[in-house]
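Reading through the structure tokens given below for one structure.
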Amino acid sequence: MATPRTRTRKPKAASPCETAGHDDLTGKEGADMPVIRLGYIQVRVTDMEEAVNHYSNTLGMKIMATGEGGPHMSPHGISPGKLTYLKAWDEWDHHSVVLEEGGVGLVKFGYKVSSADDLNEFERRVQRFGTTTQRMSKGENLAVGDGIRVTLPSDHVLELYYEMDYAGTETGALNPPPWPRDARGAAVPRLDHCLYTAEDPELDERFWSECLDFRAGERLITDPSDPELIGTWLFCGQTPHDVAVIKGPNGKLHHFAFLLEDWNAILRAGDVFGMDQVSIDVGPARHGITRGTTIYFFDPSGNRNEVFSGGYLSGPAFPPITWTADQLGRGIFYTSGEVNERFTTVVT
Amino acid sequence: MATPRTRTRKPKAASPCETAGHDDLTGKEGADMPVIRLGYIQVRVTDMEEAVNHYSNTLGMKIMATGEGGPHMSPHGISPGKLTYLKAWDEWDHHSVVLEEGGVGLVKFGYKVSSADDLNEFERRVQRFGTTTQRMSKGENLAVGDGIRVTLPSDHVLELYYEMDYAGTETGALNPPPWPRDARGAAVPRLDHCLYTAEDPELDERFWSECLDFRAGERLITDPSDPELIGTWLFCGQTPHDVAVIKGPNGKLHHFAFLLEDWNAILRAGDVFGMDQVSIDVGPARHGITRGTTIYFFDPSGNRNEVFSGGYLSGPAFPPITWTADQLGRGIFYTSGEVNERFTTVVT
Amino acid sequence: MATPRTRTRKPKAASPCETAGHDDLTGKEGADMPVIRLGYIQVRVTDMEEAVNHYSNTLGMKIMATGEGGPHMSPHGISPGKLTYLKAWDEWDHHSVVLEEGGVGLVKFGYKVSSADDLNEFERRVQRFGTTTQRMSKGENLAVGDGIRVTLPSDHVLELYYEMDYAGTETGALNPPPWPRDARGAAVPRLDHCLYTAEDPELDERFWSECLDFRAGERLITDPSDPELIGTWLFCGQTPHDVAVIKGPNGKLHHFAFLLEDWNAILRAGDVFGMDQVSIDVGPARHGITRGTTIYFFDPSGNRNEVFSGGYLSGPAFPPITWTADQLGRGIFYTSGEVNERFTTVVT
Amino acid sequence: MATPRTRTRKPKAASPCETAGHDDLTGKEGADMPVIRLGYIQVRVTDMEEAVNHYSNTLGMKIMATGEGGPHMSPHGISPGKLTYLKAWDEWDHHSVVLEEGGVGLVKFGYKVSSADDLNEFERRVQRFGTTTQRMSKGENLAVGDGIRVTLPSDHVLELYYEMDYAGTETGALNPPPWPRDARGAAVPRLDHCLYTAEDPELDERFWSECLDFRAGERLITDPSDPELIGTWLFCGQTPHDVAVIKGPNGKLHHFAFLLEDWNAILRAGDVFGMDQVSIDVGPARHGITRGTTIYFFDPSGNRNEVFSGGYLSGPAFPPITWTADQLGRGIFYTSGEVNERFTTVVT
């Protein structure tokens, strides 16, 4: 049996970071970061056939299952109608994208944690934070085990779970080639992160940080002398971000992103989007924030997707980066320093 | 104050992975992986001036300090003579490479952990494992705080620490550009991992796994029916590997690696190596194991370096990959499937 | 003295190309294509210091000479004031960009031909075409030999010459490295092409084709049943285009372009533009026409520049490509299929 | 009938190039360079099925025709047996590779010229040079028009022709996408060049230069004080080379090369070669000579292939580059500066 260990608040970092007061804002302590990653996202689509064609043929995901769904599968108590479950080629869990027929916009997203114990600990913290939680049982989501469902301060529905049926990657686990020979379209390897809007980004940043041990790698503030938080990019592992929150209406999604190998894969993806007449929002482009490269685009129903690549390695000791509002354009799109209106206003 | 939490052994994974019996070999449990990364490596060099030129002008690192050193700084009780401390541009801690005048080969490497508590816990586990540990105090290594020094079963000297003086990256933490305008040579952003040899790789794998919560992402075995471990690639965060062990003499280093942005940076680095007449071992090449891209080369004293890029995201739930000895060549260099003799025999 | 040579119309190509009637439009015959490339371009700049900083530090060109200029150097009979001559690192001739203080926009461009004989032949053809020509003598342009000056049907000033002082590339001609170690900024290797506007693009296409043996590699037409030419991309060697003409006001320049190595160099250039706060028009992007990749941007005076990379190999037997106006967006920017208003309206 | 045209020797270039005496060696004059490119290459293969699988599935070429062949198709008067004709996706002529069943090694290669007139002129020059020529008639090679067959001083069989049946590229000539969606394997866009061995490279260089207007872009010599030519890289258009000759046995082929888009396509091709267990000679690598990037590999019969990318734009005014034998390694493989024995000794 493993030895229990206690966690105490870490003394203030010996290494002063340039973002004064950051530690106080995010309340970070030790290095326990047991949330693993964004595991799945469920969005509504107006036309299932068009949507499946987009995620399957254009993005290259594999259809894993379809279903009628049922009332229990919707956090809003409404029958979701038809559902389609898809998986990217380098993912080993059963699915990462769930399409729900009817409308547009985010239904919910799920983050995978490491164990039932972690789930219990997170539940305690979330309740202490004053947020509503609900237990969800195995099978409530197809192929997903027990978990908890949380309504964030910003009204988004977050599910935490530690088991999903294992499906295996397309390249397998025995002497695998570096990529699958029969990849289709943009051939996205995996789901990466999502970015949503919140009326009070600081409150949601506190939620992710205090309840789930996320850390803010980059923060966009109005101005250093009297800082108000406009956006925050939080990670739980070593990527630049696993979730991001920007100021905007509660309950809305800005985009969810798939990871690509590199800048060249961004070009190839863009070529596929051109061939398939995908509606492009912005890109190819370089981000200032995260240092990644990107294309933003819309699925046929209007949900904004991103293909994202690059960026640094973050991690527990990462010194957070501050962006000031006067450099907002450069932070979002580094090359031009300009952000189009659609990018800043359209959310679903 | 934070609530203590207990850790219990996780029930066997619901998702069967294709590597039968792997869990038994590595003995992994929860997702606590508080070792952050390879923080520094100290190697001996025959000619300090040539060595500094290599790490500074060819690789692009910054000289952070030089010193006479002292007896206490050598784990072997020998005065190390002159020392040079260098840092890569995207690293924020004081240094990551320490050059020690005299000879060639590994002196020791340091892994950063998250807190003093983690250090205590690791010390207990290491002692329970039956490995010799020694306390090291702040200042024993320049700019490094308290820690423990461990002699691995394979005779390598490992130091664990949780504090190093903060120096900041070259691009800063306020509205940073994606890379420093005045980068030199190959402009390596950071130290990434090291690979050493051990007479009993399985024993060292158990050490990293049981004492330090590393996980084996990829394992090279003789053959599935009667598996003997030839090599193991272990991670503590989300990269494909933070340390690797292959069968060979105890106490020897195969290489230590710097991370590059992508395959294009590998080409540019190779061009710089050509201009500077660096001795190349192999590459540019694609790895089967880790899926990364690489060049192996030697510093002027004969220590093998690597520039490495790419690879997948690992993490707590990563299903381990198995390579069999008949595919060893493909595992090491995927394109050709061939490994030169120097690569398999020269260690320092 | 060289013998004049007559050119007879080639029998219709054995290989039918998909662009019906194209041969009739461009009137191409044999394979004589003695114009070598766009050798230099001269543009006006409002502020010489800012302009030199842009071409020198941001684009990485080398300042080769500065001069007061004189009335004979301006095709409009006006003293051009101060002049600055710059060269890119992989160019061996004395200069490729000439900045002229005062105003904004194109002064003239020069295409290099192979010999004095070619010059004579071209002069005869141009005169037969009914276009005004003028002899220019060695030294009239700094470092440039004898030539002829032609006012195109579209009022642009074209100079043809066969000699320019040899300066050598930055990597030299003896055992050269692949690129110069001390390159600055975007480090453009060479000038590539220019695109200008003409009220009657078909007339200018005929000029380039009949007088100078250029060929149209791609043509943008209103619609195949009743084709009107909107734009034409012409080459004299094996690149996708050495000059391009699109419908618009006479005498105006849309952009001139520098060649970069590949898509990765486009990203790096864009990063430099972000660091230097260069005004970006569009990009990074993929072209449909030419298949190249690109960023359009403005120098501090408002002259539009491009960094361009990729594209196919054209050449004498290249079957021309047709774009129809309904696919104009896709032709210009393949990923999005959308062209911003600034791109289509701002010319200098 | 076309008027013959005389060519006069150009006055010595005003721009001195760093390669003293080069003009005398290659005897170049004007800019007439009517050979367009390497159009096809015919090689023997021991096993047609394996060979077709290699060129079709691994390299991604399209099978255009198969045939029994006949005695007239072999320059050696021997029935060639079965033949397979293949085309790369961005080529518009009927085929570029011809596989001939039986044995291994070069049968012949064909370069395309611009017109029947050019053919006549070349025939005269070749005869004046003292080389044996033979007329070949339309249909002697499938889909190829009239031409001449020349036995080079080095015993290789060269065919010159100006017509081949038009097949069109895979992306078409109307609003084409940048690449074909259904590309297979390495998806090579086109044949690029070949390199053969000759006992007297200087004699063959003179042949290509004096008879066919090729120019040497790079030359490898023993040493500048008493230069003997070891290798020469000659171009007829604007690529770094369309043919190359190195010292070695007469009548033998070192390799023929396919063009790839960029360094990233080189990596992808290498991955495909790994998946298909292609026998690799060297690479991925950077060339010093031509500045290109490369992988050398063998088809299943042992003919050496190359995938090649990058390099500069050459052209009529290109100042030739000299490599000296002491830098031979760097010239061939820039990163390592080392050439393996197989690369220098195995020819077919």
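Each chain carries a letter (A, B, C and D) given by its place in the written order, and its residues are counted from 1.
Quick note on the criterion: contacts are C-beta pairs under 8 Å (C-beta built on N, C-alpha and C of every residue); 3 or more make two chains touch, one makes a residue touch a chain.
Remember, predicted model here, so these are calculated numbers, not experimental data.
For chain C, the chain with the farthest CA centroid is B.
Two chain pairs are in question, B-D and C-D; the one with more C-beta pairs in contact is C-D. The centroid of the Cα atoms in chain C and the matching centroid in chain D are 29 Å apart. One simple way to say how far apart two chains are is to compare their mean CA positions; for chain B and chain C this gives 50 Å.
Rounded to whole angstrom units, the spacing between the C-alpha centres of chain B and chain D is 45. Counting partners per residue, chain A has 177-178, 262-264, 271, 274, 286, 288, 330, 334 as the residues that reach two or more other chains. For chain D in complex with chain C, the touching residues are 2-3, 5-6, 8, 10, 13-19, 30-32, 34, 36-37, 90, 92-93, 112-115, 117-118, 145, 163-166, 168-169, 172-178, 189-190, 237-239, 259, 261-264, 286, 288, 291, 310, 312-313, 315-317, 319-324, 327, 330-331, 334.
Note for the complex: chain A touches chain D at residues 177-179, 181, 262, 264, 271-272, 274-275. Of all residues in chain B, only 263-264, 267, 270-271, 273-274, 277, 280, 283-286, 288, 293, 295, 330, 334-338 touch chain D in the complex they form.
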